[in-house]
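Some notes on the structure that comes next.
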């Protein structure tokens, strides 16, 4: 499972650009982290909301993929994100978890923590669709 | 107005990283574009949802800022995005528009189009909060 | 088209309970209204957010149905609603419009206005799925 | 705490109309249930999405209120709901929980279960605002 998702992850140009790392892959749960740099900031010098959203979207998509048949691709239908704390941290840790796995659609919850893994910075709910290759 | 927002935009490390451009600033409406490159892709070689979301979040935030008092900073409370078409295009054009401007909160609508400016790729609704500097 | 949707509308027990009315049915757009009564209030005496949401959800679902094949049922996958003004009015007018009609999923925008039809009280974005009967 | 919220709950005309019941009030968590009747259905004879949404919105609002200063009223800024299972059950049980309590805004998670309390039918994320009376 890890190999398949690592391969797909490595094809995401954006993940390379953000210097994001695939931390772990379990059944229904995927973690991706991203280390702070000036290249990822908004105007106040913290992580841009778009960075947190990009890695947690990928984490949710891959979490959904762990529960789908082999030859299925995953696309994001929609997501919603609440930003609860300023992203003042040296590392973002994004966790995507499957909440409900259906025939066509999968609902995931995504969490973005600071480097301690304890402070919840933002929270995503995402709807993913599986498409046969 | 353009100058103030251009200055803030230039401080966003992520906008530089994505090679995004501030296209226009009007009262209640801001446009930001982003040219395709391999550095911005998901695993199928199109723009990553996170790129579209990053630029339209910035466009919505700045649109909100055009309608707030001088010394106010804008933070994203939450947003929701529907992804309607695959982002197969050589340029994304994001438009942020103020739908409702309140004392504390501003609601914005964001649209991401392909390079023709006609095909709607994704649609955001965002809640922004103004914070006195 | 109107007849088919009127028949379905009349089967919705909740629409009767809320004394909601099907105002109009056009291709990709449906209107439903609801007159104020004490039976529909929250604790401050205005329309409960749940009433506005119920009628605009139905309006969006039926708008989606106008653009689907004959024998298709519509289910709500998810929706998001922003509440912009207090619902102090003697009548709510909900308008559901199709934004994007796909093979499996339909994205709709819903608007809830006051009785003048001019003041926007709340705004929905909804994802609907068509299921063959 | 229960008394204060029960009093507000009893002023909600819609909760009476839906025959909803305030089940429990704890710090940061409120439960509301609603028994099935024909008066609450959509066109397929199950609970209308609007009923589930109405009670879980109230549950989230009251959960937020348990963590706010005495003289504060709670308004819903926005919510998002995913509908995961058809609401085929004789009773809906809605649970609202505070995820993040801030100075101005409170983020809540809402869960709607079937009568067994085990099957998750829908999931809300809501942003609430506290307003001084």
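Chains: A, B, C and D, in written order; residue numbering restarts at 1 for each.
Please note the rule applied: a contact is a pair of C-beta atoms (placed from the backbone, for glycine too) under 8 Å apart; a residue touches a chain by one contact, two chains touch by 3 or more.
Small disclaimer: the values here were computed from a predicted structure and weren't measured.
> Using the contact definition given at the top, which chains are in touch with both chain A and chain D?
B, C
> Given the two chain pairs A-C and B-C, which is bridged by the higher number of C-beta pairs in contact?
B-C
> Return the distance between the CA-based centres of chain A and chain B, expressed in whole Å.
20
> Which integer distance in Å separates the CA centroid of chain A from that of chain C?
Roughly 33 Å, centre to centre.
> Could you state the distance in Å from the CA-based centre of chain B to that of chain C?
Inter-chain centre distance comes to 29 Å.
> For chain B, write out the residues touching at least two other chains, lowest number first.
Only 77-78, 80, 82, 127 qualify.
> Please name which positions on chain A make contact with chain B in the complex.
For this pair, the touching residues of chain A are 8-9, 11-14, 16-18, 37-45, 48-51, 53-55, 57-58, 73, 75-83, 86.
> In the complex, go through chain D and note every residue touching chain B.
77-78, 80, 104-105, 127, 129
> Note which residues of chain D are touching chain A in the complex, please.
Of all residues in chain D, those touching chain A are 80, 82, 84-85, 99-100, 102, 107, 120, 123, 125, 127.
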